[in-house]
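What follows is a structure written as structure tokens; I'll ask about it next.
Naming follows writing order (A, B, C and D), and every chain is counted from residue 1.
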Amino acid sequence: MDKITYRPARDELAYTFGGRMPVAHLRSGDVLEVVTEDCFGGLVRGPADLPSQVCHMPYLNPVSGPFFVEDAEPGDTLAIHLAAITPARDWGVSSTFPHFGVLTSTSHTATLQPPLEERVWVYGIDRQAGIVRFRATETDHTVDLPLETMIGTIGVAPGGFEARSTIVPDSHGGNLDTPELRAGTTLYLGVNMHGAMLALGDGHARQGEGEACGVGVEIATTTTLAIDVIKGVPTVWPRLETDTSIMSIGCARPLEDAYRIAHHDMVGWVESLTGLEMLDAYQLVSQAGRAPIGNVCDPNYTVLAAVDKALLPSPTAAYDGAHGRLRQLAAGLG
Amino acid sequence: MDKITYRPARDELAYTFGGRMPVAHLRSGDVLEVVTEDCFGGLVRGPADLPSQVCHMPYLNPVSGPFFVEDAEPGDTLAIHLAAITPARDWGVSSTFPHFGVLTSTSHTATLQPPLEERVWVYGIDRQAGIVRFRATETDHTVDLPLETMIGTIGVAPGGFEARSTIVPDSHGGNLDTPELRAGTTLYLGVNMHGAMLALGDGHARQGEGEACGVGVEIATTTTLAIDVIKGVPTVWPRLETDTSIMSIGCARPLEDAYRIAHHDMVGWVESLTGLEMLDAYQLVSQAGRAPIGNVCDPNYTVLAAVDKALLPSPTAAYDGAHGRLRQLAAGLG
Amino acid sequence: MDKITYRPARDELAYTFGGRMPVAHLRSGDVLEVVTEDCFGGLVRGPADLPSQVCHMPYLNPVSGPFFVEDAEPGDTLAIHLAAITPARDWGVSSTFPHFGVLTSTSHTATLQPPLEERVWVYGIDRQAGIVRFRATETDHTVDLPLETMIGTIGVAPGGFEARSTIVPDSHGGNLDTPELRAGTTLYLGVNMHGAMLALGDGHARQGEGEACGVGVEIATTTTLAIDVIKGVPTVWPRLETDTSIMSIGCARPLEDAYRIAHHDMVGWVESLTGLEMLDAYQLVSQAGRAPIGNVCDPNYTVLAAVDKALLPSPTAAYDGAHGRLRQLAAGLG
Amino acid sequence: MDKITYRPARDELAYTFGGRMPVAHLRSGDVLEVVTEDCFGGLVRGPADLPSQVCHMPYLNPVSGPFFVEDAEPGDTLAIHLAAITPARDWGVSSTFPHFGVLTSTSHTATLQPPLEERVWVYGIDRQAGIVRFRATETDHTVDLPLETMIGTIGVAPGGFEARSTIVPDSHGGNLDTPELRAGTTLYLGVNMHGAMLALGDGHARQGEGEACGVGVEIATTTTLAIDVIKGVPTVWPRLETDTSIMSIGCARPLEDAYRIAHHDMVGWVESLTGLEMLDAYQLVSQAGRAPIGNVCDPNYTVLAAVDKALLPSPTAAYDGAHGRLRQLAAGLG
């Protein structure tokens, strides 16, 4: 077991999952401390730095990695425990972006209307107080929001020789943009190619459910992960586990298909953890489930199906207890 | 101020919003105690009572009402405070229903596959313990879920001479099917015709977010409401207020349009309560908002946009403090 | 057999399907000549008549009717042959309308953008030449388009005690807005209540597939119909028949559900007309079918599934030959 | 100007657009004769060859190429004229495929229902007679359908370092699955990387609009193309031109977004070809346009916006007359 640290040089940042050579090698049981840039590559620092002017496609949403996980093969699952996500600076930024976000027409929900005004918001971050400070741009209102740091983008190489933009969330993970990807959560991703090729970035000091304007409170981070390979256990869609709940993630358009994917996966997961028959599991999930929305702005939308472990009848441990093991492993290194 | 009680005779139950004569008259400041039947009209009482056999269209999802509110005119808002929702029996039922629910093809998401098996689940309800007991049908698993009583269907007559099935949620309310419609919540609905024509039913002992299988834990209830008419203040989409948060409700397909409607409404509401400029309000909602899903099974899906009042910069009271007034009014009568 | 003529007085126009008393009675075999107003009630006559100013909700999209069909009962099908659709004037109008149409945000696909400019286009109609003349408003371009007169809105009362705005297309017909509703076509609608309650209006001199801007070339018409009741034969979704093809109509959002409904219905129809097994019918429709889009702007979108009769293996006559009979009947009266 | 011929060895087939080395080099003005395999790689030849058994992911939907086009740079447009598409064999196949197609639940429109039965249909192809013969599997029905050969999948490398499965249609082309990609049509694709990297495959003897069951009448082909690079003219979404019409292609979910993309692009195209102002162009497209559906089964759905050139007021030639030039070039080599 090793603790590996990695800070990408600017030209090492990746803009796809898949199609890249690894930047470092990891093994099951390793802990990784990795520096991640914000979704703008750190180029948006104030109101004058309009994203559409200072950023250039496809150099958006950089991730650190990919990391080659030595024992990961197709058909395995990679378990990634998020041990800590620390903002790298005492500020974060958000913005509107032309024809991006849910309350604007977009490149795909295309209309003849001009875009909303592009504007930048700079948030102050007070790590001690656990606060993100919103400052209005047109009036002098301010308000303190809870600091709820999360990783927006994390994934492995997709299968089928594909390389996907880091803007896209899908079954390989990617730009999932859910507040549930916070410290204390374990993420399970199916491995699609030898080495898995894990990468991550796009930290948020916080975001609302759906990330309505298309941009969270974007931050660079130092993120600490503990990883494990669960051999011979496939995972089709990303799954999460915390001390108290399990969650399945669906990514699709329209939004109801993201909901369907997540809940279809959750019904099967509950069946396998509890021994409930399929329709019994469907019934239980229907009454006990939560369905937090991740994003409604990215190329695929994200919905989660969540069930509290306390509401499952005598469940076995998911992935043979990987969450607990990794949590302890990370705690030992803290 | 009066306390009115109403228990519908079987042939008084209504199956539309609009197109009905009132069953009673109310005034601003009145408290109403009303008995509501469950969505099956009480006809599903055990595993042998398959809904598609014992119920007959359109006699599904009955509501009690409509109630004529004497001072309500188009352009006003009707505020309805849910003071108490008490299960009428010590059991509730749920079911699958042929081609209804989110993890099945339906009449509209039509496929050539046969329907899932139709099956009934009977839940025990322990009001003292605050528990709803799930019992599996194919194995002997049981699990206790929290009793979180709610009203599934509540609304006023739609405008434009329309009469809409009680299965439908839309801007007039109706089958909103959100767990947020619990005791302690105030619902604001725009008035579309003289008298508003309030009606409600379809109680749930609880439901998961999205009501995945299409049916909650269905119960008859005794529900206590306090009502107020806010004169000259229109409301376009249903809104909710609790002691701690405000919520806008969107109803549409696809699901992202329900999200858009709710968030568009919330941005405007935040603007008007705080004085924030539009894009500042959009930004704040994007970072501070929650987006609980109501249903993903009814003719329109339901998504809410929610913001905690504590995260709004110096807001004025919504609807001139109607929530607080009605809460006190109902408490006084309790 | 009678020929009935009907010209509505202004205050006889209807704005819902359902919830109205009949304006006249018809019987199987009757021919009806009916005057219909345009979707603006004739109030938009030039560039200065902006629809959002001269029209007032819900007084949009008036229909003539309803007509009580004496022998029509729930479970029957009403066959309506469109014998002739004649423009009542030598001009038609189109417009943009705030937040309505497919290339704009709308009340449901809600965004924070201002609406597109509202503007009116007046088209010249030359019935002899069969031409509709487009004139640009900002330049001096003109172009002659083929006159392809159609009825936008035609339907019966919906079931379940509902009354639906004439803006809405659904299983009862209504605002179907498909160019296939032209002279020579027979429409089949399921009867939901005694008398069927047929009504129609919203003629178009032509429209593109999808009616992108939300408004066709709107005209008042004199329309001639021949009707028949097919006893004991239910029809779930609207169907069309011409001399050469059969078509099923689906109405829903998102647009793929309209496609699914129409094709699901068509597979069943092909099965019943040819004796093909279900998957064989699915296969044949998949290779032989056309799928003309009706509207992508109304509360439900409309897609048709169409198959040429010549591509069906030895089909029996649909609805026992109603199309042919009504066509001859109407020809005899011409 | 050269005529290049290319027949891929089995291990040269490609399964992505992007991420591949070129198999040959072309220049503006070259004519290419290329052999393409069917979507099953030729492995499905009879009723016993169930696709899910004889094919293995990701080895589905192979394309021939990519071809490096020597003078193509990002910001240019590649014009590809389809001169001839000849079936390579006297049979084609179609099938159902588990959880794929529009009248079944799928991996994304996920339900708990079992899949439809997987089945293979073998069609006879008579090139002389221009006929594709459907034979039912469960009865002895047969019917002759017109042979309307088309290319299902054609595209260039996507931008942003991506590599996309050949199953996917998007702005780079790919699995567009529209019957409009027939001989006589010119396809315009934006170039995203040096050399464009053109590839194609997935011929169909015919398909219905929407490709409802998810599979056309799949054939291997010999396809003849003439290509041209239009320097300095970008193209955002694929466009088509025939002797009589122009078409824009949108690829997205839900289906209405594909419609929006195509019509947004067409409005801009009409503006630039005619000098009409934007809303005038929107109005004309709304009344004159056709909207043929391509596919409603692939990861993105495909809708086209089509306008007949004869209905445009004095248009200039699209892409400086590339369609006419390539048509003549191909004719000269015929």
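Rule of thumb we're sticking to: a residue touches a chain if its C-beta (ideal position, glycine included) is under 8 Å from a C-beta of that chain, and two chains touch if they have at least 3 such contacts.
As the structure is a computational prediction, the values presented were derived from the model and not from experiment.
S.K.: Computing the C-alpha centre of each chain, which chain sits at the greatest distance from subunit C?
M.R.: So the chain farthest away from subunit C turns out to be A.
S.K.: Applying the document's contact definition, name the chain pair with more C-beta pairs in contact, A-B or B-D.
M.R.: A-B
S.K.: On a C-alpha centroid basis, what's the spacing between subunit B and subunit C, in Å?
M.R.: 34
S.K.: Indicate the whole-number Å distance between the mean C-alpha point of subunit A and the mean C-alpha point of subunit B.
M.R.: 33
S.K.: Could you please state the distance in Å, as a whole number, between where the Cα atoms of subunit B are centred and where those of subunit D are centred?
M.R.: Each chain reduced to its C-alpha mean, subunit B and subunit D end up 47 Å apart.
S.K.: Which parts of subunit B, given as residue numbers and ranges, touch two or more other chains?
M.R.: 103, 109-112, 116, 253-254, 260, 263-264, 267, 279, 282
S.K.: Show which residues of subunit B lie in contact with subunit D when the two form their complex.
M.R.: Going through subunit B, the ones touching subunit D are 103-105, 109-116, 254.
S.K.: Once bound in the complex, which stretches of subunit A touch subunit B?
M.R.: Within the complex, subunit A touches subunit B at residues 94, 96, 101-103, 116-117, 119, 121, 132, 134, 136-139, 141-143, 145, 206-217, 253-256, 259-260, 263-264, 267, 274-277, 279-280, 282-293, 296, 301, 303, 311-314.
S.K.: Could you list, by residue number, the parts of subunit D that touch subunit A in their complex?
M.R.: Residue list for subunit D touching subunit A: 15-16, 18-19, 57-58, 107-112, 159-165, 250, 252-254, 257, 260-261, 263-265, 267, 278-279, 282.
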